[in-house]
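Encoded as C-alpha cells, here's the structure I'll be asking about.
Per-chain numbering from 1; labels A, B, C, D and E assigned in written order.
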Amino acid sequence: MSLELIDGINKIHEFLTSNIEAAWVVSLIEYVLVGLGFLTLYALIALFLIIFERKICAYFQCRLGPNRVGPWGIFQVFADMVKILIKEIIPLKHNDKLLFYAAPFIVIMGSLLTFGGLQFAEGVHGVDFNVGVFYLLAVSSISIIGVMLAGWSSNNKYSLIGAMRSGAQVISFELSACLSMMAIVILGGSMNLSDLMAAQEDVWFIFQSPFTVVALVIYLIAAHAETNRGPFDLPEAESELTAGYHVEYSGITFGFFYVGEYCNLFINAAIGTLVFLGGWQAFHLPFAGCEGFNAVMDAIPSYVWMFGKTLLLIFLSLWVRWTFPRLRIDQLLRLEWKIMLPFSLANILLMAIWVALVK
Amino acid sequence: MKKYFTDIFSGIWNLLKGMKITGKVLVSPAVTECYPEKRDELQPKERFRAELTMPHNENNEHKCTACGICAMNCPNQTITVKKSKITDENGKPKIVLDQYLYDIGSCIFCGLCTRVCPQGAIEFTNNFEHAVYTRSKLIKQLNKPGSKKVEVAKPAAPAAKPAQAGQNEVAAPKQENENKQ
Amino acid sequence: MEDIKKLLAKVAPGKEVAEGTQYPTIELEPNEVRAVAKKLKEAGFDYLINLTGVDYTDALGTVYHISSSTNKTAVVVLKTKTADRENPVLYTVCDIWKSADLYEREVFDFYGIRFIDHPDMRRIFLRGDWKGFPFRKDYNEVNEMPTTNVNIDDLETLPSITFDKEGKIVEKTKQLFDNNEYVVNFGPQHPATHGVLHLRVSLDGEIVKKVDPNFGYIHRGIEKMCESLTYPQILPYTERLDYLSGSINRHAFCMCVEKAAGIEVPQRAQYIRCIFDELTRIASHLLGWGCMAMDMGAITAFIYGMRDREKIMDIFEENAGGRLMPAYSIIGGLTKDVVPNFQQTISEFVAYMRESIKEYHTLFTGNPIATGRMHNVGWLTKETAVALGTTGPTGRASGWSNDVRKIAPYAAYDKVKFKEVLRNTDTCKGDSFDRYIIRLDEVLESLNIIEQLNENLPDDGVNVKVPAIVKLPEGEYYQRAESARGDFGVYIKSDGNKNPYRVKFRSPCMTLISALDPLCKGEKIADLITIGASLDYVIPCADR
Amino acid sequence: MSSYEIFVIVFIMALVMVLGGSVIGLLLSPKSKNNQKGEQYESGIPTRGTSWMQFKVGYYLIAILFLMFDVEAVLLFPWAVIMKGMGVEGLYAVSFFLVVLILGLAYAWRKGALEWK
Amino acid sequence: MEVKNLRVKSMNHVTFNDNEYLEQYVEELKKGGVNVAIGCLDDCINWGRSHSVWPLTFATACCGIEFMCVGAARTDFARFGWEVTRNSPRQSDVVFVAGTIVNKMAPVLKRLYDQMAEPKYVIAMGGCAISGGPFKNSYNVVKGVNEIIPVDVYVPGCPPRPNAVLYGMLQMERKIKLEGFFKLPKKPAITPEEKVWAERLAKEEEARKAAKGIK
C-alpha cells in the first residue's frame, strides 16, 4: 500500500502541476495537504489510543469499558472530543497568561514534531534527517518543557509541585533514553532512521545482539516515563496533586494535554519499534531454506508490521500502567541514577566490545 | 553488590508476577452487570429496602388506619399522615386517611416504620428507580386516590398484629399519638 | 476491680469510689484532676479512651475514661465539673495523655469549656464565626449557613489560656505558620483525604514540615440529634457515623442499650451479629486496601478490592435488606432471621476470599514499588500509639495489643478461637507497611471467626420481646466494641426518659487523624498520602 | 519535499491545531461569570499567599549531574556512529572516556550525591 | 429534540420518571421556533455532551462509597463514558454531591461549583444532598444542596444503590440531550438559589462595611 500511496501522491502532484501554472501555488497546496494529512493521522491516532486504553484498562479491571456510544463504544471518543471542544476555557485571574497559553502549544508542538520524524511504512515518512535518532530525542523532550511551563504559569500550588516533579522526570529518563538509543547507533552505525531500517531488513536489531534487549528494556522504561503515564505519572499524581500540572486548564486547553499524552504514548512506542523491533520490516529468518517463510512475511503489508508492533508495545505499556502503583520521587531518581544509568553505561561499553569483536 | 543485583531481579520478578494477575483478569470475563440493558434481570434482592409502599388490594383498599405510629417513629419526619374525622353510616365517629405522604428524598430506609406498623399496612419494595428533575416529585402519596381502609371482620383483640419479628419496638401510647395530631 | 479501687484510693485519697457503676468512678474538683491524672499515668493508666463533655444543666463537666496498655481490662472513670456557665474553665490533661488534645478542643467547641494551658483552643468542628455552643442544653442561637469562604486567620491563630505569674488567667495567641511558609491545602475536596478532611500542609519542597488537620466539614451533630431521639431511632444514625463499619457501630449501640435495660439477646442473634460484624470488617479492610492502593496509584487493585467487596454487599442485601447500611441489629436482636441458604453462601464466600487475599499479595504486597513506598515510612512507635490512642489495626501494627474483642469479649467473641493479629515489635516498629499488611492479615482472621460462627450457628430465635418504649434507668453506660478502625465506644447518660440525656460516640478515627502530624513530619508529599491511607480513617466518624 | 520543509509544515500545523482549537473553544463555549471562577483552585479553600515563591527542589545536585552526563552523552554520539567502522581501535579510544564516566558516577554515588535530600 | 424522540439505548422512554418536566423544558426552549440546521447542530453537540460527562471527585460521606461502587467493576459507569473522574473542577462536567453538606462545607461546595467550566451539571445523590436526609433536624446541616447550587437531577436513596445512580445518570443524559445550545442561557442566568446566595452575600458585605464604619 505504501507504494500505492506514493503513486497517489505522485498523481496528485501531476494533477496539480498540469492544472496550475504557478509553481508556488502547487507547492503551497501540497504543503497544506501534507500538513493536514499529518494532523489527521495525529488526531486519529490519539482518538484511537484513547478508546483503546479505556477498553483495555477496563478489561484489566474486569469491567467492560465504554460500550454504549456506538458499537462497542467506539464513538465514545468522538463524544469526548465534541464535548471538550466546546467547553468553557476559564479566564484565570492570577496566572502568567503568555506562558499559560503557550504551554499546550509547546506540548503539542513537541509531540507533533516527533510524530513528523517517524516512519509509518515503507517509504512513508516525513522528516528524515541524517541525525534522525538525535532529532527524535531532541524534539520529544520539548513536551516536558510545556509541562513545566504549564505547572509554573498556573500560579497554583499543586501545579507548581507537579512542574517541579516533571523537572525530576526530565533529569531522570532523558539520559537513559539517550544512552539506550546510543547502543543501537553503535550497532547500526548510523543515526539516520532509513539507514537503521535498512540494517534491520534481515534481522531486527533486537535479535542481533543480547545487549539490544537490555537497551530495549531500558528504553521502554525511560520512554514510558517520558509520557508521564503509568507508574511515572508524578507530575499529574491524581491522588496527591489532584490533577498536577494541568490542574487549572479547562476545555480544549486541557484537551491538548490529554491528546498530547496519548500521542506521546504512540510516538514512544513507534520509536521503540523503529529502532529496536525493525519498524515496518517484516520478520525474517536469516537462515537458508527459510525463503518461503520470509516471502509469506513479506506479503504482509509494511504498515501492518509497523502498527502491529507499535500496538504491542503500547499494550505492554498499558499493562504496566494498569498494574503498578506510582513511584515516589526519590524512587524515581533512584531507579534512574542507581539502576538504569549504570546499566546503560555498562551496556554501551559491552555493546561497543560486541561490535568490535563479534562483528 | 550481590544484594543490589538480587534486589533488582527479585523486584522485576515480583513486578512480573503482579502483571500475571492483571493479565489473567484481562482474559477472564468481566463481572460487569449491564444495568439498563439487562434491567429486567437485575432486580435487587427481595428484602432490599428502596421505596416505601402501601399495598392496595384489587378493591383499591389498604390496611392503614391512619394511627400515625409510623410518622411518630420516623427519625426524621419522612412520613406525614393527614387524616380527618368523619362519621360513618352508623353515626360513629371514625378516622380516615386522607393522604399518606412519604418523602423519599429524606427517607433513610431504616425500616422502623414498617416494623412498628400494627396493621402491616406499609412495606418496602425494591424498586429503586426514583431519580427525578424536580425535588417536589420526591414527595409521594402512598394511598391511591379514592382508596379506603380494607374492612375486615374485626378481631376480638388486637392480636391480629402480624407476628413479624422485630415489631416489638412499637412505641406510641395513644395519648401521645393524639397530641402529635 | 478491687485492685483498681485500691489504686484509686491511693491516687486520690479521700475520694469516694461511686457504687453501682460499670467502672470504678471518682468525682474530682477541677484543680485536682491533673494531680490524679499524673498519678494514674504513672500507675500505668496510659491510654485515655474517651473524654466526654457533659452539660449537667447546673454545671458543665467532663468525663474521662482511662485504660491501660498493660492492664488492658482495667478502666477507670474520672469526672469533674465546673459550675461557671459564663466562662467555664478546666485544666488540660493533654500533656499527660496526648489524645486529650483533640478531645478537649471538641469539648470546647461543644460546651465552651476552655482548658488552661491547652496550646490550641480553636474550634474544631464548627467554623470560627459560629455563635454559641450547640451542645449546651440552653443553646438557642440561630446560625445561618455561611456564605463566605473560611477565614484563613481563623484557621491559623491558635488561642490559648494560661496562668501568668500572679496566677491570673491570661489569653494568648500563637500563629500556626510563619508568613513565608509554603502552605498547601489538601482537602476538603481531595481524592486522597478519604472524605472531607482538610489538611493544611506546610511544605519544604517535597518534604512535609507540618500537617494541621482541620475537621468539621462533615460535622452533622449526630450526638446532639440523639438527645432528641428515642433509642430505636438512634440506631440508623450509628451506622452513618463510620459507614464502613456501620454494622459494628450499630451492634455496639444495641449492646449498650441492651446491657442498660437488662435485655438478654438470643444466642443465634449474637452469632449472626458477629458474622455481620466480621463481614463488615472485611468489607472495610478491602475498601481500605483498595483505597490505599489507589492512593498510591494502582487503580486496578482498588477495583479488585471493590469487586470482592460486592460479594459482601450481596450478602447484606440478601439478609438485611441494605447494602452499605444493612440496618440489621435492633434492640433485642435482629430484624429478621437470615435467609435459608445463608450458611452456604458464607462458606462459599470464605473460600473465595481466602483465594483473593493470595491474589492481592501477589498483585500489590510483592510489588517492589509499593513496598518501597511503604517500608520505613511513617514510624509509629508503641508508646506514641498508646499516647495518641490510635487503636485498632493501626495500634496493633505498632505492637500495641488493643483488640476489644479480646479485652472485653462481647456477643459471641468469647465462643470462638481467634488470635489477635499483632505485628512483631522486634522486627518492625509500625511503619506504613505494617499498617498495610495487618489489614490483610485481619481479613484472614475474620474469615476464621466467620467460619467458626457459621458452623456452630445456634437455633434459638433472633430476637426477644422488648418494651414498646425503651427507657434506660438513670445512670451512665459505656460499651466498647472493636470496629474496623479500632476501639469504638458508646457512652450513654440516661436520666430515665425515653431519650438519652447525652450520647457520645468514641470515634476511633479522630485519634487516627491526630497521628498524621507526628507521622508525616519530614516525609514527602507522596508519603503523606500513603500514611493517611495506611491509617485508614473515615472522616464522618471523626466529625460525627 | 525536503525534510526541512516538512519540519516547518509540521511546526505550523502544531500552531494551527492549538490556535484553531482554542479559537473554537473560546468562541463557541458557553460562559458564565462569577467572582470565584478565576481564583486558584486548591481543593475549594482560598489559597494562602502566592504560589510563586522560593521552592526547594530536592534533586538539585542530581540535576547538575544530569547536565554533565547529558553533555557527555551528546559527545559520545559521533563516536557511536563511526564505532562500527573503526573496530577495536574505536573501542580503545572511547573505553577510557566511558570508564571515567562510570567512575564519576560511582564517586557521586559513594559520596551520597544521588541520595534524595 | 422532542421528548418523544428522545432515545436512550435499551431503555424505553415511558419507563422514566418525571417526563413532564422534560416536556415543559422543551416547550420553553421551543418558544420562538428552532431552525432545522441549528436543531441538528444542537443534537450533535448534545450527543457529545451527554455521552461524555466527567464527574468531579466530590464525596463527603456514605454516598461517596456507593459512588465508588458505581465506578467499580460491578456497575461500571465507564460504559456510559462517565468514568473519567477529574479531581479538578476545571475539567469536570458534573458534580455528584454525594453525602451530607454541612454549613462549614457549603462555601467550599459553592466555590468548587463556581470554579467549574460551563456547561456544568449537578446531581444530588442521596437523602442528605437532596433534603438534609437523616440529618435535616441538625443544627449544622444544609437542608438540600439546592440552597447552594442549582441541582439537575435528584437521586434519592440512603445511599442509593449503584444501579439507582446509573438510572440518575441516564436521567441526566436525557436532560442534556434536550438542551438548546444556540438558545442560551439554558438555565436562568441567576437561579433562585443563586439569588438567595447573592442576597446573603450582599447582606454580609453590608454588615461588614457597617462594622468597619463603626470602628
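By definition in this document, a residue touches a chain if its C-beta (ideal position, glycine included) is under 8 Å from a C-beta of that chain, and two chains touch if they have at least 3 such contacts.
From a predicted model like this one, the values you see are computed outputs, not experimental measurements.
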- prompt: Listed by label, which chains are in contact with subunit B and with subunit D?
  reply: A, C, E
Message: Report the chain whose CA-based centre is farthest from the CA-based centre of subunit B.
response: D
Field: Higher-contact pair (C-beta pairs counted), A-C versus C-E
entry: C-E
Task: Using mean C-alpha positions as chain centres, tell me how far subunit B is from subunit E in Å, no decimals.
output: 25
Inter-chain centre distance, subunit A versus subunit E - centres from mean C-alpha coordinates, in Å: 38
Query: Measuring from the mean C-alpha position of subunit B to the mean C-alpha position of subunit C, what distance in angstrom results?
result: 30
Task: Find the geometric centre of each of subunit C and subunit D from their Cα atoms only, then give the gap between the two centres in Å, rounded to an integer.
output: 47
Junction residues of subunit E - those touching two or more other chains: 9, 72-74, 76, 79, 87-88, 90, 108, 110-112, 115, 117-119, 134-135, 137, 158, 161, 181
Message: Multi-chain contacts only, two chains or more: what residues does subunit A have there?
response: 58, 60-64, 67, 86-90, 157-158, 164, 238, 242, 247-248, 251, 322-324, 329-330
- prompt: Where does subunit B touch two or more other chains at once, residue-wise?
  reply: 15, 18, 21-22, 25, 30-32, 34, 44, 48, 75, 108-109
Statement: So the touching chain pairs work out to A-B, A-C, A-D, A-E, B-C, B-E, C-D, C-E, D-E
Statement: Counting only contacts in the complex, subunit C reaches subunit D at residues 149-150, 152, 177, 179-180, 182-190, 198, 200, 204-207
Query: Given the complex with subunit C, which residues does subunit D contribute to the contact?
result: 42-49, 51, 53, 55-58
Task: State the interface residues of subunit B toward subunit A in the complex, per the touch definition above.
output: 8, 15, 18-19, 21-23, 25-26, 28-32, 34
Subunit C contact footprint on subunit B (complex, rising order): 7, 10-11, 14-15, 17-18, 20-22, 25, 31, 44-45, 47-49, 73, 75, 108-112, 115, 124, 165-166, 168-173
- line: The subunit E residues in contact with subunit C across the complex are 56-62, 64-66, 68-69, 72-74, 87, 99-100, 102-108, 110-112, 134-135, 137-142, 147-148, 158-159, 161, 197, 200-201, 204
